[in-house]
Structure formats: structure tokens, C-alpha cells
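Look at the two complexes coming up: subunit A is in both, with subunit B in one and subunit C in the other.
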Partner chain A sequence: MGSYLIRRLARTLLVMLGISLVVFVFVRSIPGDPAVAMLGERATPEAAAALREQLGLNKPWFFNPANPLDAQYPKYMTALLSGDLGTGLKSNIPVLDDLKARFPATAELSVAALLVALLIGMPAGILAALRRNSIWDNLATTISLVGVSMPVFWLGLLLSYFFGVKLGILPPSGRLGTEFDIAPITGFNVLDALLRGQPAAAWDAVRHLILPAIALGSIPLAIVARITRSAMLDVLNQDYVRTARAKGLADRTVTMKHALRNALLPVVTVIGLQAGALLGGAVLTETIFSWPGLGSWVYDAISQRDYPIIQGGVIFAALVVSVVNLLVDLSYASLDPRIQYS
Partner chain B sequence: MKKVLLTALLATLSAASAATLVFGGNGEPVSLESGNITDGISILVQRQIYDTLVDFEDGTTDLKPGLATKWTANANNTAWTFTLRKGVRFHDGTPMNADAVVFNLSRWWDKSHPYGFRDQGRTFEIVGELLGGYKGDATAVIKNIVKVNDTTVRVDLNKPSSVLPEVLAAGYFGIASPTAIKKEGAKYGTPASKPVGTGPFIFQSWRTGDRVTLLPNKLYWGEKAKVDQLVIRSIKDASQRLNELKAGTIDFANDLTPDSLRSIQADKNLVAVKRPSFNVGFVSMNNRNQYLKNQAVRQAISMAINKKEIANAFWNGLAVSNASFLPPVLAWANSPKVPADYKFDPAAAKKMLADAGYPNGFSIDLWYMPVSRPYFPTPKPIAEAIAADLSVIGIKVNLKTEDWAKYLQDRNKEPGFDMYMIGWTGDYGDPDNFYGAYYGANASDDINWNPANVETLLQQGRAANTQAAKAKVYQQLHELTYNAAYRIPMVHSNPLAAARSYVKGWTPSPLGSEPFNTISVGSKK
Partner chain C sequence: MTTTTVPQSTPKQDSIFWRRFRRSTPGKVGAVIVLAFVLLAVFASVLKPYDPRNEPNRYSLRLKPPSVTALWNEEAKQTYTDPVSGKVNVLAAPFGTDNLGRDILTRVLHGTRISLKVGVVSTILALVIGSLLGVLAGYFGGWLDSVLGYVTDVMLAFPGILLAIGFASIFSADNPPLLIAGMDRLFALNSPQLVTAMLAVSLVQIPVYLRLARGVVLSVREREFVAAAGALGASQGRMVFRHVLPNSLSPLIVQGALSIATATIEVAALGFLGIGAQPPLPEWGTMISDSRQYYLDAPWTMIFPGLAIFLTVLGFNLLGDGLRDVLDPRSTQ
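Moving on, here comes the complex of A and B:
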């Protein structure tokens, strides 16, 4: 287990180094100049050239014959290895500061979206499998299909308008009502509000989470429901389930203890894969719901060609996905005793 | 459980009882450091925290005293003297005086200023653009910045300029506390710092990506704020800003789309607010194109586009279309010899095209912006309407677009775009800010037309002392550019804003943002 973990962490480090190089080259290869994007309608060739020079973007990418270290990649890597991801080209805000401030918002939303997916998707999948070809099965399948096929931004706008404006029972967007302010501890608003003894703020934060979590969780929900259904169907036809029933065990015990635990393996795998999808989906959800997370920040940076932010955001997202998948891999052993790490 | 819920309810009620004014911004500020940023929402927040030397009268581009009570030029406009308001203090208690003003102006203009933080990414590019360059540059307008005494600052110029007070009134140039800048260092203006000005609101907090919270400055020298707290929220999506307005979770907002006007008017809780127009959306034509280098062809194209109909269709009455590059508030600089409106006459345009040697028309590219701006909120359908109009006179238009950063870059690259849509929103109330930006020596090279007399006229305009003298110069420029027909003004739009009906005292400025100290929320629940 220990050596497996070390190997996996070493591999993750290599992946990170590879990604840092790929993203460095990629952002500079896409057409569009950061200096021009910063100047906007004011951009003239002369003004852009002067700004490019000020920002150090006119230096060679990898090697400067006059001064080998005075090139963009060596400088970037030297800073990166000391934990400095640079600063936003226009904002001058350290990328790490932005990541620290924004990641908890995205993480809180992603966790809420996963909860929506699991708390609704798994029971729906189990019910569909147990009542195969019944109205429940058809309903679960239809909801899955709708969840997968409805664009997140469209669902988000519908939810916001219907519940936020028409019914007025939930806030249309935002992360916290303007009447509250929560000094961050973990960065998770709900948790921080409770830790700070602000129950009203915690409740308000929960209310703000509901609609974006449903929008972001719609696709994982559909996938979890489908995977749970098919995994349960597979397991329910296994001999050991039939044996359990023959022993006279109650339906509930057979389903929850014998069938579900074995059906969980593919579901957990899907959850790991969804970590990346959630970060991707966060771009649209966060924009629609004015959610102050990573997604909309990186998206804006891409349109502005803000290289340090794009690089920092992509490396960080890759790190998160790698860690989540590592945790998923490690969880297999607790679900299936036959799995051993060596 | 019941007790927790009750506590929560009581806390909510008591928190909500303070008079909080909530603005829905179209994003979050990039930075709160004055002189170094140009995006609209950064400037809007800065307008609450900082004062400028010279200010604008409410709802207009006319000048009024700000931190300077008086400003006078020497006989040939090569030195401006600003007399500062006495007794004004920054929010940190330090005095606003000539030292503070010289410190601010110098760090923007002098590339070697120790507190300019250029080695840590500061660029202050707006100073280079509006003031011709930085200390020591051959093109720079400013020669020297001098403290005359504790309440007087003189700015010496390399060349005559009558617009320096207007430029310094632009929202970019708020005067910040030197003590705060020295204390915060390079993090000044970021969410980790506390920006300090003399304005009507004091910075309280900036929650990244979410909101900036400000408190009223009880010692403000001007009209004091009428609310207990001002919150500026970041709501990027325009339809979501409208949703929030309708839900009552924000009190007022800018930059709504013209198609939401009817929905706002139908809601009894909302009031539609038309910001005075101070922009121009136009189509530029490139002299490098074999057809467009012909003046008659350009004029025929101009005549074939039904601009009024396009303005009606896509702006819902929130725009005017005329033959001027200048927005209506600067109409005093228009020439009486130029018709007020372009003549829409497809038959005459077709004949003109035939006379120019193209009876069967030709094929041409029209590039439209991939982003929405108040001067072109829906670029693609507008481009389609232009293409449809031009097809009537035999011109086949190929519609093209690309990523915005690349679009801005490619328009200036050889050979550039044939025809493309772009626009401009003004920084200050002088025609120079419009003509200079697109026809001046340092302007975009997208049309390949730089006649010497245009630059001469622009320099005469900048040097002219009175509005009447300026009008004479700019009228000539109007005639010249109208006849040349390289840039066809399509619209001057009124950016749409809206407020809850209890919001009183809001007078939107043509310049895009204004201090909110005049606003009250009397009957807000």
C-alpha cells in the first residue's frame, strides 16, 4: 500500500510537470495577444508592442542566447518550483491568492452537486433496477435522459427564473445574501457560518447552494442513476444474491447489504471521473449563478489571454482531478476486500 | 431546532434592517488601484472610493470642481495650475494636499517612480494613451509636475493641450493616499489590500468574485452618502442581473440588454433608466481593399445601409443613428454642412456603384465582433442586416468573426479586414477623445488612411481655448471624415440600466459610472 501510494504520487508529480509544459506552450500558441486583449478597443500596434515589452511577453519562450535564464519558461518554472504561480497580468493579484479564495467556492458547489447526484441518482437507480420495466424504471430512465441532454446553462437559467423570480423562494444567483458576511475559515460558507456561530448565514448559504447544485449535478445525477441501475441489475442476477434470498434474508438486507455494496464499485469509479466533469461544468454554472469560483475565472482568463491565470488554473484543476482519482482508487480496497495494492 | 431557526430568523431581520444599497455589476473589479485600470466595473467601484482632481456635473460631461476647486492654463495652454480643496483628508486620516497629488500623477507618468511598481507588473497604459506617453517620451504631453505650494500643483506640458482637466476628470485618475500605497506596496489595489481615497465611500471588504462592500464616509467634503452600506455585487450574466432586479435581491444595475426593456417596463417594481449616450458603433472600411479604396464605393455602401431601421430593430429605441462620429452630447462640434442623417437610398447607391465601374457589384468580407458591447449588443444579427442591405445593390457580403483577442489583433495586421464592426465609448467630454482615438496619429491602422491634415486638425483642436474655437476645428474634421467615408457611424446607443422603484436620486453619467452618494432607498423593505 505504502509503495503503491509513493508510486502514484510520483506519477502525479510527473503528470503535473508535463501539464505545466503543455499548458505553457498551448496558451502561447493559441492566436490572440494578451497585450491586445488587455487594451481592448484601444489596441494599436504601437501600444500593444509597448505593453508586451512591459509584461515581458516579448522574451523568448525557452532559451535566450544572451542570458539563458532570461526566457519565459525558465522563469516560470523557477517560480513554480518555489510555489509562485505568478500574478494576473492585469489584476496583479497573485494567482495563488485567487486560487485560495476561489477553490473553496468551486469545491463547495461540486460537493453539493455530487450530493444531489448521489442522494437522488443512487436511489433512483436502485429503484429502477428493483422495479425493472415498471413506471419507476421508465421515470428514472427518462429523468436520466433529460439530465444528460439538457444543457447546463439552459437548466440553470430555467431554475433561476422559476424558483428565484417567479416563485421567489430561492435566491436567483450569488453565494450569500448581501446582509451576511462570513469571515473565511475553511472557505466553505455553510461550514464557516456554523463554525462562527452564524446559523442564519449558514441557512442563507444553503439556500444559495440549492439551485446551482441541482444545475451542476444534473449530468452526474443522470450518469449515477444509469450506472447504479445497470450495476444493480448485474449484481441482482448473481448466484450469491439468489443464495441470500434462498437463506430467507429480508429483501432490504439483500438489496442494501449484499447487492448494493458490490454494485458500488462502478459508481465510485464514475464519481472519480465526474470530478473533472464538475470542474468543466462549473464554468457555465458559476457564470449563470454568479458563483465566485474557479470556472468563470479561468474562462475569463482564457478570453483575456491572461497566461499566468490560465497556467495556474489548469495545473491546479489537473492536480485536483489527479488527487480525487487517487482517492477513488484507494477506496476500492475498502469496498472490495479482494483488491490489494502492491 | 426551533430555537436555532428562530435565532436565524431574528438575525436575518436585524441584518436586513440597515439601509443597504446593492448594485448589480457586470463582473468584479480587476483592480482598485487608480491610474492602472480601464474596465468599467473597476472604474465604477473606484468612483465611490476616490475623487478626481476635476469632476463631471451629474448626468453630463461638463466639468465641475473635484479635489481641485480651480484650474487655469497659461496663455498658450502649455501649463495648467490646479488649486486644491483645503481641509480634505483621505480615509486613513492623512491630508490630501499638493504632495499627495504630485505623488499620484508622478507614479502614473514617471516610469522610474519608486512606487509605480512597474517591476511587479504595473503598466499604467491608460496614461500613455490619453497623455501621449510617459516621462521623457518624445510624444508625452506632460513635461513636468510641480508642487507650487501646499494647495497648488502645476503641470507643465510639452505641447499645448486644452483638454488636460477633462482627461484628469476621467474615472481612471482617482487620487489615492500615498501613505496607503507606500504601506501596502505592490499588493495595493488587490483584494488583499485596503484602497484609500477621499471619496464618498470607504472600502470595507472585497470578497473575491462575489462582492465589494463599502461604508459611507461620514467626513466626506461633498454630499454625504444616504445609505448605511453599499454593496457592489459581481453578476456577469445580463439576464441574471435582470432576474436579480426582479427578485429584489439587488436595487439597481447597469448594462442590461436592449431586448429586456419591455420586460422592465412591464414590471411595476422596476424603472428603466436610459444612460445618456456617449458611444459610437461604426463600420470601418479598409483602403487596402481594391474596391473600398474607391471613395464612391464607400459612399455607396454607406448610402445602402438602412441605419435607422437597424437601430430600431436591434436597440428597441435605445439608440440614435446619425452621420456623426460624435455622440449627441458633443453635437456642438458637428458641421452644419454635413447632413444630420445619412441618406438611405439603395437605388442611388446602386447607380453610384455602377458609375464607379461595378454594375454587378462584388464580393467582400464583413467581420463582426464575437462579443457584446453597448454600441453593438448583438453584433451577428446586425451584421446580417447590413449584409442583407448590401445585397440589394449587388454586394455579396461574407460574414466572418473570430475570437475577440485575435479580432482586435488581426484588424491591425496587413492586410487587415475589408470591413469590420467596432465602436468606442468616451472617457471624457471632448471630441478629441473620439476623433483622436480612431483618426489620430497613434490610432488603429485598420483603414490605412492617415492624411496629414487630420492630425493637424486634431492638434489644433487640442490647443483651442474655447468651445467655439474647438467647434470650428472639429467641424472641418467632421466634413473631412464624412466625405472620406472610411468609418460609417451606425448608432449612438443609450446603455440600458434599471432600478427598483424605491431607488431615488440616481443620475447616470454618460461616462458609464458615477458616485452613488446621491442615491437613497427610502421605502426599501
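Moving on, here comes the complex of A and C:
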């Protein structure tokens, strides 16, 4: 276990190094001059040149023959390692501060989306496997097929239009009504409102969460339902399940204790793999629902060529994905004792 | 991992393929949907002639509801009544009109061409490049495998759409590189930005095929017939391309059908974000993006292009499931 852990950690670190390199090169290859973007189209060439100099954008990318450390990449890496992600070109706010302020919104939305996926997807998958080829099975299969085939941005617009505008039963966009103000503790509005004893605000936050969470959760829901069904079918056909039934255990016990626990492994893997998809889907969902999270932030930054924000946001997203993948890998052993790391 | 052989062109195996395929309901439904969209794409110009670059001004018809509503809605009835003959034409604009008075059905129909082309081409590119790299990595192993494995790990750590956005924003300049301009001409897409989006989506899929092909090759490589070919003195190239690759194709084909679905959604998503196809090109995602200013009063501008994306994607997903039933029966539950 020890040496596996070290190798797995080393690989994660190497991947993160690769991520930083890719983002560095990508961001600097986006056409257009960030200095001009900052100063506006009518900036004089001299002013733009001075600003480039000030931002260090006139230095070579990787290697400066005169002074090896006086290049953009070494400076960028040193800053990155000390947690300095630079400053937003337009806003002049440190990227890390923006990131800290916006991440909870995306995290809250992603958790809500995962909850939607698990609370609907897992029971649907279990039911489909237990009543194979019944109407429930067909229904679950159809829902999961529709879920993966539905473009997130279209689903988001449809939900916002029908439930938000036409029926008016849920807010069509935003994160919290303007009449409420929640002082952050965890950054999750629903939790914070409850902790601060503001049930009305908590309820409003939940209402704002529902539509974007359904939109963002649609694909994970479909995948969770599908994987749960096939994993359950697989497990239910195994000898030990038959043995458990043969010794007279109740159906419910067999399903919940013997089968489900062993069917969880692929489900956990898939949930882990959804981390990237959720962060990607957040770009679309947040843009549609004006959700003040990382996705809409990075999207705006791309259209404004705000290098430091794109850099910080994308690196952070990739970092989250790598860490989640690591945790998923490590959680295998506790879920399936047959797996040993060597 | 699967070891099923791909249907060769011998009559006997062909009939096995079709017999199994006919038994797969999702496969049949998917094939019908996909075929319908292919036919619509091919005959789009015959059904509804249209040139997005040369459009007549029809401002009097801005944002009108689907013409069927003329049957019960007085206002729509007036819109779709021919001033000369006085007849109501309920088929004038079955999906309604957009903010420039254009018929949405016509644009959705012509969008079929774009989406199918882009979805298929980006998938084929990813499939060919990814599988080739995966076969090489799996067959030769060693440093090549390590390097490719590392690059794959790094690429898969990025949320796909972010990687695609990044790639698309690098090459979306006014002067497209030669490769992109060339592909634009080759596939007659008339939009360098769309080609960039297509390549971006393709790039994101490459690691998926690389991993898949590598895994399959690792299992096929150990089988007796490959060892036999080696013992008979077959060269490395012959072993890879004549013996290992053809026997590794089934899962790649299944993944291919499913990837066309993903690619269609992702290209539309890039169009929706304003990075892919640009107006006036009738690309479905771009149409939905256009509709964002109007859909509160004219929801049909958003509903129909989205429905087209949904049905196309559904078709390819069903087809992929069907192909899996046929080519890879053991993985189906």
C-alpha cells in the first residue's frame, strides 16, 4: 500500500506539472494582445508596450539566455507553487481571491447535481435490475438514454423557460433573491443560511438550485442509472447471492446488504469520472442560469482574453479532477477488500 | 475484453451480423433515426432550397409562431394568410420564424448537413489517430507506451469542454492556419471557426480511443494466432495491421457510434458559447445561441434546433447500443 501510494502520488504530481505546462502554452497562444485587451482598442502602441513590459509578457517563454530564470515559465511556476495565481487583468483582483469567492458556488451546484443523479439514478438502476425487462426497467433505460442524449444547454434553457418563466414556480436564474443576504461560513448558501438561522433564505437558495442542478445532473443521472443497473445485474447472478437467498434471508437484506454493497464499486468509479464532466458542464449551466461560479467566470475570461483568470481557473479545474481521480483509486480497497495495492 | 471478430465480407458472417442486429430493438430504432437524418441532410436543398449567405429580407415575418397555430390563433392566421388568394397556409413555416424572419424548419434542415458532417469527421479523425497511437502503445510498450500514457493522463485531467474551448480560442483568428483552411474547403463547411471547433472536439476524444485501443491490443496480442503469425515470420508491421488491428476493431466501432453522439453535442455546445460556427451559418448550437435574446417571447426559436440535436444524438446513442449488442455481446446486460 505504501509504495503504491507514493507512486500514485508521484504520478498525480507529474500530471499536474503537465497540466501547468499545457495551460501555460495554451494561454499564451490565444491570439490577441492582452495589453491591448486591458487598455482598450484605442491604446497607443507605446502604452501597450509599457504595459507588456510591466506584466513581463515581453520576456521569452521558457529560457532567457542572458538569465535562465528570467523567463515567463520559471516565474509562472514559482508564483504558482507559492499560491500566487496573478491578478485579473480587467478586475485587478487577485485570481486566488476570485477563485475562493466563486468556487463554493460551483461546488454547491455540483454537489446538488450529484445528489440529483444519485437520489434518482441509483434507485432507478436498482429497480431496473431487480425487475428486469419490466416496465420499470424500460422506463429507467429510457430515462438514462434521454439523459445522455439531451444537450445540457438546451435542457437548461427549456427548464428555465417552462418552470421559471412560463409557470413561474421556480426562479429562472441567479443564486439567491436580492432580498436575502447570507454571511458566508462554508460558502454553500443553503448550509450557511441554516447555520445562521435564516430558514427563508435557505429555502430561497434551494429553490434557485433546483433547475440548474437538474440540468447539470442530467448526464450523471443517466450514467449512474445505467451503471447501477448493469452492476446489480452482474452481482445478482453470482453464487453468493444465491447462497444468501438459499439460506432464507429476506429479499430486502440480500439486495441491500449483499448485492448493493458489491455493486457500488463501478458506481463510485463513475461518480469520480463525473468530476471533470461536472466542471465542464458547469461552464454551460452557469452561463445559462447566471450562476456566479467558476464556469461563467472562466467563460467570461476567455472572451476577454484575461490570461491569469483562464490560467488559474483551468489549472484549478484540472487539479480538482486529478485529486478526485486519486481519491477514487484509493477508495477501491475499502470497497473491495480483494483489491490489494502492490 | 472482447475478442469477437469483426464481420468480414463472407456471406455467412454477414448474415450473423444482420440476424443479431435485427434482434436489437435499440439498434433498429437508432438506425432508422440516423438514416432519416442522413436522408434529410442529403436532400435538404431539394426539400427547401436555401443559401444562408444570400437571404431575402423578410422583416414582416419576424419571430412568428409555427404556422400550425394559424388553425386556432387569430393573429397567426393573419400572418399566414396569402393576401392574394386569401387562403391560410398552415405549412408556410411549420417551426415558426426567427428574428430575421427566416423559416426555422429550413435552417434546421440545412443544419443537419453541418452537424452530421462535423460529428462524423471529428469522430473518424479521433478514431484513426487515437487507435493508431493506442495500437502502437499497446503493441510495442516501452517508452512509447509510457509517454503516450502520460500525455493521455494529462489530457484526461482537463474537463473536455474546457480543453475544446481553449483549442478553439487559439485558432479562431481571422487568418486560419493552412490545415484548417484546407479542411474547410475539403468538407465545404464555409466556416474556419467550425472546422476549429470540429478539430477541438476531435482532439478531446483522442485519449479515449488511445486507451481503448491499447487495452484491446494488449489482450489480443497474447492470443495464439498472433504468436502463430510471428512464428511464420510475419513482419512487425504485418502483425500489427493484418492480425492485431482487425481483431481489435469491434469495441472501437461501438465507441465510434457513441462518440458521434458526443461530438454532435460538443460542437453544438461550442456553437452555443459563440466559439464554433458563426451566424448566419445554420448550425444548431449557434441557432440556440442566437435565440437567447428572443426565446422568452418566441420559444420555438430555441425548441426546434435543440430538438434536432437531441434526436440526432439519441439516434447515434441507440445505434451504438445496438452495435454493441451485435459486436460485443458479452458486455451487454
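The rule is simple: the second predicted complex is superposed on the first by the 296 of 342 C-alpha atoms of A that agree within 3 Å, B and C clash if a C-alpha of one lies under 4 Å from a C-alpha of the other, contacts with A are read in each partner's own complex, and residues count from 1 in each chain.
Please note the rule applied: a residue touches a chain if its C-beta (ideal position, glycine included) is under 8 Å from a C-beta of that chain, and two chains touch if they have at least 3 such contacts.
No experiment lies behind these values; they were computed from the predicted model shown.
Contact with neither subunit B nor subunit C is seen for A:L13 once the two complexes are overlaid on the shared chain. In the superposition on chain A, A:K90 contacts subunit B only, with no contact to subunit C. Within the superposed three-chain model, A:L145 lies in touch with subunit C and out of touch with subunit B [touch as defined at top].
Once chain A of one complex is fitted onto chain A of the other, the partner contacts of A:L115 are absent, as it touches neither subunit B nor subunit C. In the superposition on chain A, A:W203 contacts subunit B only, with no contact to subunit C.
By the touch criterion defined above, A:S29 lies against subunit C but remains apart from subunit B after alignment on the C-alpha atoms of chain A. With both structures placed on the common chain, the touch criterion links A:A49 to neither subunit B nor subunit C. Between subunit B and subunit C, the partner in contact with more residues of subunit A is B. When both complexes are overlaid on chain A, the residue A:V321 reaches subunit C alone and has no touch with subunit B. When the two complexes are overlaid on their common chain A, residue A:I185 makes contact with neither subunit B nor subunit C. Common to the subunit B-facing and subunit C-facing surfaces of subunit A are residues 31, 157, 161, 165, 287, 303.
The part of subunit A that touches subunit B in the complex is made up of residues 31-34, 36-48, 50-51, 54-55, 87-94, 97-98, 101-102, 105, 157, 160-161, 164-165, 168, 171-181, 198-204, 287-293, 296-297, 300, 303-305. The touching residues of subunit A, counted against subunit C in their complex, run 11, 14-16, 18-19, 22-23, 26-27, 29-31, 145-146, 148-154, 157-158, 161, 165, 229-230, 233-234, 276-277, 279-281, 283-284, 287, 298-299, 302-303, 310, 314, 317-318, 321-322, 325. Against subunit A, in their complex, subunit B makes its touches with residues 4-5, 7-12, 15-16, 18, 20, 22, 27-28, 30-31, 33, 37-38, 117-118, 120-123, 125, 128-129, 186-187, 189-192, 205, 207-211, 213, 231, 233-237, 239-240, 243-244, 246-247, 249, 402-406, 408-409, 412, 422-424, 437, 442-445. Subunit C meets subunit A in the complex at residues 26, 150-151, 153-154, 156-162, 165-167, 169-170, 172-173, 261, 265, 268-269, 272-274, 285, 288, 292, 295-296, 299, 302-303, 306, 309-310, 313-314, 317-318, 321, 333.
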